[in-house]
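Before anything else, here is the set of structures, which you'll find just below.
One chain, subunit A, links the two complexes that follow: it is found with subunit B in the first and with subunit C in the second.
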Partner chain A sequence: MTQVTFTQTDGTQITVEANNNEHLMKLALENGVEGITGACGGSCMCATCHVSVDHVSGNLAGPGEMEEEILDMEIDNPLATSRLCCQIFVANDLNAIKVTVQEG
Partner chain B sequence: MNQDAYVDITSHDTFTSGFPSATFKRLRDEDPCAWVEESDGGKGFWAITRYEDIKELNRQPHIFSSAKGIRLEEQTEEEYMARRTFQETDPPEHTRQRMILHRAFSQKMIAKYEDLVRELAIDVCETALQNNEIDVVKQIARKLPMRMLGRVLGTPDEDGAWLVDKGDELIANSDPDFTNHVIDKVNTDEYRFMPFRSPAGKEIYDYAKQQMVQRLHTNMDDVLSLLLEPNKDGERLSELEFKNFFALAVAAGNDTTRYSLAMSMYHLCNQPQLFAQLKDKANDDPIWDTAVEEFIRYAAPTLHFRRTALADYELHGKTIKAGDKVLLWFTSGNFDERQFESPETVNITRSPNQHMAFGQGGPHACLGMWLARLEVRVTLQELIRRVDAMQQLAPEKYLRSNFIRGIKSLMVGFKLAA
Partner chain C sequence: MAGIVIVGAGHAGVKVAASLRTMDPDAPITLLSAESQIPYHRPPLSKKSVFDAALPMELLQANGYYEKANIDLRLNTTVTSINPDVSSVTLADGQQLNYQQLVIATGTKVRRLPVPGGERAMSVYTYADIQTLGPRLQSANHIAVIGGGFIGCEIAAGALKIGKQVSLLITGPRALRKSVAPILGETVTKLHRQQGMDIRTGCQVLAITEQGVQTNQGFVQADLIISGIGAQANMQLAQAADLTTDHGILVDEFGRTSLSHIYAVGDVAEFPYGGDLLRLESIQNATDQGANVAANIIAERHHQAPKAYTPTPWFWSDQGDLKLQMAGLGNLDAEHKVLPGNTPNNLTVVHLSKGRMMAVDTLNMPANHLAARKLLEMKKPITWAMIEACDFDLKKLFKQLR
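So, the complex of A and B:
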């Protein structure tokens, strides 16, 4: 199990335990995280699941080329830590991750 | 909605009496991966009708390919190559074209069109409401999307009406109200290399070529010019890719938003509480976001897209064999009780609302989804602002198509706002 913490735009946090292969956008929707709508359903086609990655314990694969392109197209000033959370998958070697919801 | 639980879901005629909801409910409950024979002699297909299954198959293009066609129609390799758009490709080829096009249809880019959509919506609504008894599909829902798409693409306003007619001939190729070449009634072999096997495809190709040539000489600072620019790797759309994209845009940009608007207006007529919930709401009230999603969930104009299995796949105790046609019935997914509480109820505050009207969750999620959402929201805002009540005056008429679902005629009487 991986511990995933979402910091919402009002500063409150939601922490959940997640199984392998689940992506963070799905977890956010299932747990009512404010500000994540996932309008494209996790196709990496919009930025309505935009987050910044604050902390990682373990390994996290970096963004793919398409994700970087979408971030560049949809977000005015993406942060160095910006990610689309539909592209962040829980894995064995990811122990814990903290992300903050960003404007999408 | 049609309450017969055993209708033929391959027949275009079935859908002229509304969405066969009882049949799809039976399929979801009793046989969610059903083998369906085609009444016109096609080789049959698997009907996938539950939300979770559709979502799962849709996200696996390496097994469920779009590259053998996306509708029921069987195509030869030659026909396929002549007519294919990026919709009929799989990643990574699909991704290359999709990302070129995405530049023009991103949420950020489309948001810039809000004032323009509003200007057009005001014009369309004010013109239509000069009479207080009108067919709202013909006078409102059919008018706005193509005018807007024309503005986005950069085609002249005066060509809009012609493009709507041609778009209808393409995508409504099974409805005699829209074409003289009804696909299952006359021999369309002559047009097999044209989009939608339609003679209108040739006219659209010629028009697209003309638009392309103009822009190769002059950058017209519009989306068609943008699409002709090379991407960061120096790749450009070929002439055939451009023409097929244009045909797709005219067909898809024209009718799905129309039918979403038509269904929204149908609900507003028949459920006055929905009208009351939206009346006098500010343009930026959050209810508009949830209302638009819910109207689109219910409208779900694209009934299905087809995939072709590239490998054997087990689902609900059945084996889908490599080469089999698989239909993802997105409309059925939007009415799946396993995903949506009271799916037959229009609840305009429903949240979350992870519907699949835009094919969300797969690589082919609708390119125009932000434009569609914007058009539905702004048009409903401008319509509701101008009226105090609306009432359906005659039975609605549905499109004859097993591919696109929609109300093609809806007579409405309005009480105009004082």
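So, the complex of A and C:
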């Protein structure tokens, strides 16, 4: 199990335990995290699940080509830590991750 | 007190409800779904869910969202009539629900094969469908898929990937004939064949038996038959209430039907687009039109002017390892030019009409898709000469024009 913490735009946090292969957009929707829409259902086709990654314990794979393009072109001021959370997958070697919801 | 009633809880219906709630914390919202499931994402059904029973249903909104947002979501609830004279809908249990504004988001229903035994072909449309189909697909050896559109290709490619023997039966000369540029359709057909898919073109289905599919090219043995031959607007309710319909429920650029206070949205709505009428089956349309109609309902309730819906359509399809992405509305009659730099598995095709870029289809080239989408959203004329002047780099062109 991996501990995933979402910080919402109002500063409140939601922490959940996640299973392997689940992505963070799905976890956010299921747990009612404010500000995550996931309009395309996790197909990496929109930018409505934008987060910044604040802390990682363990390993986290970097963004793929499409994700980098979306971050570059759909988001006005992407942060160095910006990710689309539908592309962040929980894995064995990811112990814990903290993200903050950003404007889509 | 009467409020807003939404019939149908697919992408469009849920988007209307959620957008309404964001804009108005108090308006009464009732969301009616004939299905028994909490509203969910449909695209993954044919792209991944049906191939992997372990994958959970992906919800459009969290389970507790509707209660928290004070949206009265009623599952297993069928509307039997719309009564515009008294501004109400009748439910299957006889109950009357009054509305101030009504939104019809009833989507589409799948076409059934009009051949003997056609009912034996299974379809992939609802979560209930894949609950039945998923286990049968796992245990099947030879699967026949009827229909070479997006759904048919997605199912055929996914089944092939999990090791099934797959025959794809297509009436036209290639896959995706109606949906993408001919060269892309040909490329996809070739790539699927290289993976071992048995694609039969010019293939007419005559009958379906327990052993397989009878076609004009002989008998195709199969222990599971799936059809993906398209869908049609689910609009009997609207027709019975005398709303104007064509291939869908006709709406104006603000999402309003021919009767006041009644809107239609998503797959079921046919709207004005570039001097023509268009009905789109896509997530982009459901989401963007949903948000637009929600805003126009709020405007109506506050006696303000509505805003027109002016979309840039886009679509995607995942077929095995192939990712197809389409920006804009392609056209078979357009001039199709391939951007240089393509490889056997990568392709970008520009649709040009009267010298102007109308649409861009890409295969495994997500960066070009996104750049094309951004370029089209600018609604400026883009010519091939402009693309050439930017070394065929669509992103560079976008950054120049921005």
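Criterion: the second predicted complex is superposed on the first by the 104 of 104 C-alpha atoms of A that agree within 3 Å, B and C clash if a C-alpha of one lies under 4 Å from a C-alpha of the other, contacts with A are read in each partner's own complex, and residues count from 1 in each chain.
As a working rule, a residue touches a chain if its C-beta (ideal position, glycine included) is under 8 Å from a C-beta of that chain, and two chains touch if they have at least 3 such contacts.
These figures come from a predicted structure and were not determined experimentally.
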Exercise for the section: In the overlay, answer first, second, both or neither for which of subunit B and subunit C A:N31 touches. Expected result: second
Practice task
Applying the touch criterion given at the start, work out whether A:S43 contacts subunit B, subunit C, both or neither, answering first, second, both or neither.
Solution key: both
Practice task
Classify the contacts of A:E69 with the two partner chains as first (subunit B alone), second (subunit C alone), both, or neither.
Solution key: both
Exercise for the section: Overlap the subunit B and subunit C contact sets on subunit A and report the shared residues. Expected result: 29, 39-43, 45, 66, 69-70, 73-74
Problem - subunit A to subunit B touching residues, read off their complex - result: 29, 37-43, 45-48, 66, 69-70, 73-76, 104
Handout entry: Parts of subunit A lying in touch with subunit C, wherever the complex brings them together
Key = 26, 29-32, 39-45, 65-66, 69-70, 73-74
Exercise for the section: Could you please specify the touching residues of subunit C with respect to subunit A in the complex? Expected result: 41, 43-44, 47, 58-65, 68, 283, 287, 314, 316, 318, 325, 366-367, 370-371, 374, 395, 398
Fill in the blank from the handout: Note: in the complex, subunit B contacts subunit A through residues 55, 59, 95, 99, 102-103, 106-109, 352, 354, 356, 358, 360-363, 365, 369-370
